[in-house]
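Report on the structure given below.
Chain naming follows the written order as A, B, C, D and E, and within any one chain the residues start at number 1.
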Amino acid sequence: MIQYYYLGSIALIAIGMYIVIAKRNLIKIILGLDIMDTGVNLLFISIGYVKNATAPIENVPGPYVDPIPQALVLTAIVIGVSVMALALSIAIGIYKKTGTLELDEILGVKK
Amino acid sequence: MDALTLFGIFVLLPLVGALVSYFGKKYAPIIAVIFTGISGIFLYLWYGNFGSYTIDIGVKLNLTFDITTWFFMLMMNTVIFSSLLFSVSSKLKRAGGFATLMLLGFAGANGVLLARDFLSLYLFWELMSWSIYLLVLRTSGEYARRYLLFGVLSAYLLIMGIGIIYYYTGSFLYADALSGAIPHAIWPWILTFLILGFGIKMAIVPFHVWAPYAYSSEQPFVAFLSGGLSKLGAFGIFMSMYSIAGISLLQSFGTFRGVSLMGYPFALLGAATAFIGTILAIFQDDIRKLLAYSSIGQLGYVMIGLGLGTPLAIGGAMFHAFNHAFFKSLLFLGAGAVIYRTGKYKISEMGGLGYRMPFTFMFVLFAIFALAGIPLTSGFISKWMLYEAAISRKFVIVAPLMLIASVGAYLYSYRILYGVFLGQLKDEDKNVKEAPGPMLAAMFILMVPLVIFSIVPGWILGWINKILVENGIGKLNYTTFSYSSAIGGANMAVFWIAFILLLIFAMLMFMAKKARVVDQYDNYLAGEAPPSVALHAAHNYYKPLRDTWAPLLKHSIDRAYEKFSKFFAGGFYEIKRIYTGNPQDYAAYLGIAFLAFLLVGWWLLW
Amino acid sequence: MKKALAIVLAILIFIVFALAFVKIPFGEKMSTYPHYYNPITNQTSNMSLPQHYLTYGKNDTGATNMVTAIVVDYRGFDTLGEVTVLFLASTGVGSLMYVENKVKKKVRRSNAVVETGSKLLFGFIILFGAYIFIHGHLTPGGGFPGGAVIASAFLLLYLAYPKFHAKHEKLSVSESIAGLTFVIVGLIGLIIAGYFLYNFLPFGLPTYLFSAGVIPLIYVAIGVKVGSELTAIVDSMMGVRE
Amino acid sequence: MIRPVLLIALPLFFAFLSPIIGIWSKKGVRYLIIFATALNATLAGILLLEALQKPVFDIIGGFQPPLGIVLMVGPLGAIIAFIINLVAFAISIYNLKVEKEPIVRYSMLYLLLVMGSTGMVLTGDLFNLFVFLEVTSIASYGLAAYNKDKKGYLGAMKYVIIGSIGSTFVLLGIALIYSQLRTLNMLDIAARIGTMDPYVKIMAFTSLFLGFGVEAEMFPLNTWVPDAYDGAPHPISAAFASLPAKAGVFALARVIFTMFSFTNFLWFVVVMGLLTVFFGEIVAYTQKDLKRMLAYSSIGQMGMIIMGLGIGTTLAVEGAFYQMIAHALGKALLFIAAGFLIYAARSGKIEDMKGMARNPLIGIPLLIGALSIMGMPPFAGFYGKFFILMGGFSQGYYAIIALFLAASIVEVAYYARFIKIVFERGNESKVIRPDAATYVPLIILAIIIVVIGVYPKPILTVLQHVGTFIAGGA
Amino acid sequence: MVTDWLIHAGLVALYLFLAMVIGLLFMGIARKITARIQNRVGPPIYQNFLDLGKLLAKKTNIKHNWIFDFAPLFGLGGVLLILAYLPMGGYIMLSGQGDLILLLYILAIPALGFALGSGASGNPNAGVGVMRALTLMLSYEMPFLIVILSLMIFYNTASLSVLLQKQMNYLWGIAALPISALAADIALQGMMAEKPFDIPIAPHEIASGPLVEFGGKYLGLLMLYSAGSIVVETSLFVDLFLGGGIVLNPTVYGTLAYFVNYLVWLALIFVVWMIAIFVNAVFPRFRIEQAFKFYWKWPTVIAIAGLVQAYVMSVFLGVVP
């Protein structure tokens, strides 16, 4: 089985990394972080996948997918949300203080 | 006497004293004096029963109380007892803090002397060095900073030495160092680290820069610092060369007319220190700086003795360390008394105080005699032993340097005597009173041994001989009144009798006629109006000598250190640029770090 | 220059992780999973961890939805931690958005369709959200999706009525009560059975509403908590509108 | 018989309770926090006594380890938890000085920061460790920006970016391990780590090491530290230096010793530790601002701890843990004192603080803290530094130790410069007396530092179990 | 035992008295010779005895303070002590009990006492004078100490009596180490503060320097001190390099030897004194910097050459006297 899902999720992580390092705008950086987060979550789920198996709800028979990654991802997603919420509120704060979201201007102004 | 009493009396008691005296406010010095007095009494009582013990405070501290420790503790205890007695009446600001830190330093010093394993040595060494730091901090932060840098450098040199020994023997005990686990070629490294580490405390030349700064803080502390604590350096070097390494190991590095090639370079270093210290001392105008450089010079002698390593040389070094402890602290206390009464530091500003403070003058005079090595005091005997050691083994570089340095000592001694005590009394010092009681008592305590041991050198030579025999270095030949070596000897009893008889004869010749006391302006002004400012020739006293030495004096070691640290600070600002402040760079660092990590991990596995 | 560095870094990381994940089989049967080992009793079991959950999960926890069983019962501590994270997020955002001098912002009125639509839909969305987290242990989804649905209901009201403001005190009270129920349930488990978060209620019959012991109770609490927290975050992010 | 889970459940209970109490009295919440941290500290103390005999396993939810989560508390974990809560208690007293508005939320964030750090130390489950890492980081993000000024926001922004990248790497590490071993319990992983494919094993180790390295302030990852500490309110920067940092390093120790058993790779950890020390101390020398200087110096100290862990012998790791304890106490004390000095001098720059510490109530604890950080004997910092140095020597790392000593000379240089300025005679007029909320925590911390330093026996009896810890035990 | 102890003390007293008389006589001769060189008659040889008598008989003596008295006391006492330790004419008085290093340091006692006394006089000229004397001492001590070191190394002894023994049965110092003898003589000129180096007592510049405040009995005793120091310095040179005047072996010929040796010793010190006086009469006075630079340049080089010669002979060629 070719691991498209693995490669896909790692690609997401790499893209997220690229965005964080290359992009100027603060919101884009935060989105980059979020993309990395979703990439990892996708990776977790694809690790737990079993070929032609259904969701682990007992009332449906047949082989089940590995439930643990799903439980973990549930937590990871909520953590991702909280970090994004905080990051965005900090970005709002920075915007209020410096009037811009461009990183160079913020740092330039600060120096 | 078991481990706890030994450790308790000599280390815990001063620590408790430090705590108690902090709250003593005005009476703190008196409390401190009592504590040091108690440990002094015990020191006297326990002369006989030596022994080694271990204390477990979580880590095992091995302590040994033997003749070498006893000898150095005698110095340490007397010097701190008299400096604290001195400070009772010297109205120090925040005397509580002063007494606490002095007792902390004392506890640290006792700990170093008792320690027989590197952990406790390093522990007490650091305790002692930072208590000095805080004492110097009381006067000036900048001087304290410079001192601490060297103090820490000395501690870390020790750490390197200890570490290498620990790498080979796996234990901290001194005794285990000789267990043969250490290969022969490593010993020079270990000894260099240890000796330089201890040498910094003795202000050996390249590392002497901190001394003039540290010695310009409160005089009672400085007396203890230069008189007592610098002896720890001597003790450390003696232990590392002759107890940890052992004389036979030193000899195994090839001997040059009976002196180990390992020790000889340090003797040369000592000779250089003696010479440079004396020359620099001659040109100082501030009395504290002058005494500081002279102390560096005198400690150079001790270094020479320890470096040469023949029984006579080490005995001379021990005896000179003993004398130095007493006459140097006496000098500093004398200077302290003068500063206390007149509030002036510059020698050229003082003058004629000898007439107003006769006792202080007498004490300082005796200290100068000991410093210059005049036979009236025991200072001569230790210098004699060092010369005999150098000359009997025909060392043609070390001996001249020593001789010239001791002649140089006359110059700066007389500068103190003339500048401070003789010459013309200035008007503002007209009604200067003699130093208060406790100060004089303190100085008297320090002067007594200098005189006694010059009349009866046998006692102290006995102790030193016991030290040498116990460490297997050899023995001195001496009797109660005389001492001799391969190429010469001297009998102090005959000297004293002859001197006293001839002095009485001169007295008789002199007493024939009475003389009329006359005012200081009487004779040479012959009736002219006295000048508004007293003509005191002490200003820039050795100007001709300074001009001849000018080309050499231009390069000062202090400025070399200044440039050295400027260079490094510049480098630091370059490194600072890594923290650019841009989170994106930081993210890039993180990525690079990850890849670097992986590379190393991968490379290691394949 | 930074772009080039970023691209190179991204590609390198991709390659490095790709090399690692190439070695990991995708979608293999659970039988190929290695067997777990219990460090306290020091014996390796005959089946792998997921298999254990799938086979014994039902009678251990009584829940039919295995993910919920793991989330709330087996690894309930994670969920406790994760609820704290959400609680932190809402307090954090609340403290960062906290502004003494309330700056008034002018906001346009939305049109009538949105207003009436949201008034009608609000009840149903809340009901649907409640359904999700009440049946958490039976059907897919649970406290968190349920809470999110409830929050979306309130979001709808914010969109519709410019002057609408959820009361902060009410939200934080409901938030902390829900959190407290979760912790107290855990503590009761500790008192009764000696294990924190122990499932002390009877499991009842599988696929019935009141089954799987404590799980529905916890999930209801989580649902309410998530709902109020997300609304609180939305509310403080909105800032103040006149 | 104390259940370690109480150390996490009770603060959580009080955190959830405080919004309700907050409605009635804001002051009530502050004192609740002090009570909560005090209770936590005593519980941790009792737990420490128990953990001395044998490691305490606390099964959550009644399911045997790999199934459910288990709290694994060995003597080392217990003492770090105890110190974290003790320091948190001291800092919570200093919290009374914070006036900036939403104080109820501030107290909740602070309490959960403490809970998160304690959780990281106690947990025995890898994913649970990640959750507690997140709890700590998110609480720190919120607190770092609490001052709501530009410095605070920017510091928090940097912390968020680096922190979340770090946590992504941790998640990646967990994914890698889970994909091969299908379990999350640390001891279970440790037992079966051998069966992993070597390349995947290295990848997992590097990602986890990097992820926790961010929290443990290792060299390339600690770039956020100065800005976050500088921007945060004073008690928080004190908390940052002692709580999450210690938990992060403990997690690192878990990664190195409990889970993975690399021996030939450890020298690289030592090199990283040395780099951290080197850059931390050197840049600290160049700092003009007090809190930034202390931040860089705390990086340097963390580098020393990482070095100690990397050296790996029992003596070095014992020294590393001893240094963790000493640094937590010392740095918290210094930051609280720094807070007072900045408040007294009304400026962050060191030059403006001439003679501000001449009041013995602030001067003596400051000196004790500074000397303990520098590694001077009768204080806690001495044994840590000495054991690490000797451990380094016993492994033959001469050059590395020499470089480390050079860096610590630089450290002594800038601390001496700081002490010089702060104790200078000069403007006696402007020196003000610290009030109770400031000097009480200082005196508590100073007394503990001295007691641990003068009589290290209790600490060393606890740290004797380092052997089992290194072998992968609790 | 007590009787021969008394005889010994009596002899010592006699020798010391004779030394004093010789000293005063030499001063008289010196004044006579320099006068003759400068083409004038000059005072009679016994002039110094008359001056001494006048000074000691003076009634009114000026005194500044108790430290002022140190100068005559330590001066005279010290110089007598040095003479006691210096074998004169082969008669070993106390030098058996103390070696050359002790002697070097005893040399310092009278100088220091004298410096203290003049310092206490309060006269700035005295202070400057003592400063010059000390600087001069530092300069001439350099070659002098190297010379003494080379002697000690060559003869492998530090005790003066043993040195005389070895010179007697081996070779005189001047024969064995001529270079060192030359350096020693140049240094001697500085020690005796004769003309090129009489900077401390320079009458024109600082009104006879340290002696400025002394009058009456003080000046008298100090004159005795300077007389004694002349004998000391010349006798030191003779003992070190000219075998101390021992021609007949005292153990063989008994008291006759002592008598003859004493005369030879007297002649030798007279020769040395004449060299110094002739140099003194001809040379102008150096400035103190010149003196210092002079001494630390050529005499030191010569002394080092002597040291190297002694070192080579004793260590490499194994010459043991």
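Just so it is clear, contacts are C-beta pairs under 8 Å (C-beta built on N, C-alpha and C of every residue); 3 or more make two chains touch, one makes a residue touch a chain.
Source: prediction; values computed, not measured.
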{"item": "Least step count from chain B to chain D, where 1 means the two chains touch", "value": "1"}
{"item": "Interchain contact steps from chain A to chain E (minimum; 1 if touching)", "value": "2"}
{"item": "Of all other chains, the one whose Cα centre sits farthest from chain B", "value": "C"}
{"item": "Farthest chain relative to chain A (centres taken as mean CA coordinates)", "value": "E"}
{"item": "Chain pair with the higher count of C-beta pairs in contact (B-E, A-C)", "value": "B-E"}
{"item": "Computed distance of Cα centres, chain E from chain D, in Å", "value": "78"}
{"item": "Chain centre separation (chain A, chain D; CA means) in Å", "value": "28"}
{"item": "Distance from chain C to chain B - Cα centre to Cα centre, in angstrom", "value": "72"}
{"item": "Multi-partner residues of chain C (at least 2 other chains)", "value": "2, 5-6, 9, 13, 16-17, 21, 24, 33, 49-50, 53, 74-75, 78, 81-82, 85, 88-89, 92, 96"}
{"item": "Multi-partner residues of chain B (at least 2 other chains)", "value": "581, 583-584, 587-588, 591-592, 594, 598"}
{"item": "Set of chain D residues in contact with two or more other chains", "value": "127, 131, 134, 138, 141-142, 145, 148, 157, 161, 165, 172, 179, 182, 199, 203"}
{"item": "Interchain contacts, given as pairs of chains that touch", "value": "A-B, A-C, A-D, B-C, B-D, B-E, C-D"}
{"item": "Touching residues (chain side chain C, partner chain B) in the complex", "value": "2, 5-6, 9, 12-13, 16"}
{"item": "Contacting residues of chain B [partner chain D, same complex]", "value": "56-59, 108, 119, 122-124, 126-127, 130, 133-134, 137, 141-142, 144-145, 148-149, 152-153, 156, 159-160, 162-164, 166-167, 170, 569, 572-573, 575-576, 578-579, 581, 583, 585-587, 589-590, 592-594, 597-598, 600-602, 604-605"}
{"item": "Chain E - residues contacting chain B, complex", "value": "56, 58-67, 69, 72-78, 80-81, 84, 94, 97-102, 105-106, 108-109, 112, 115-116, 119-125, 127-128, 130-132, 134-135, 137-138, 141-142, 145-146, 149, 152-153, 156-159, 162, 212-213, 215-218, 221, 224, 287-289, 292-293, 307, 311, 314-315"}
{"item": "Of all residues in chain D, those that touch chain A in their complex", "value": "127, 131, 134, 137-138, 141-142, 145, 148-150, 153-154, 156-157, 160-161, 164-165, 167-168, 171-172, 174-175, 178-179, 182, 184"}
{"item": "Contacting residues of chain A [partner chain B, same complex]", "value": "17, 20-22, 29, 103, 107, 110-111"}
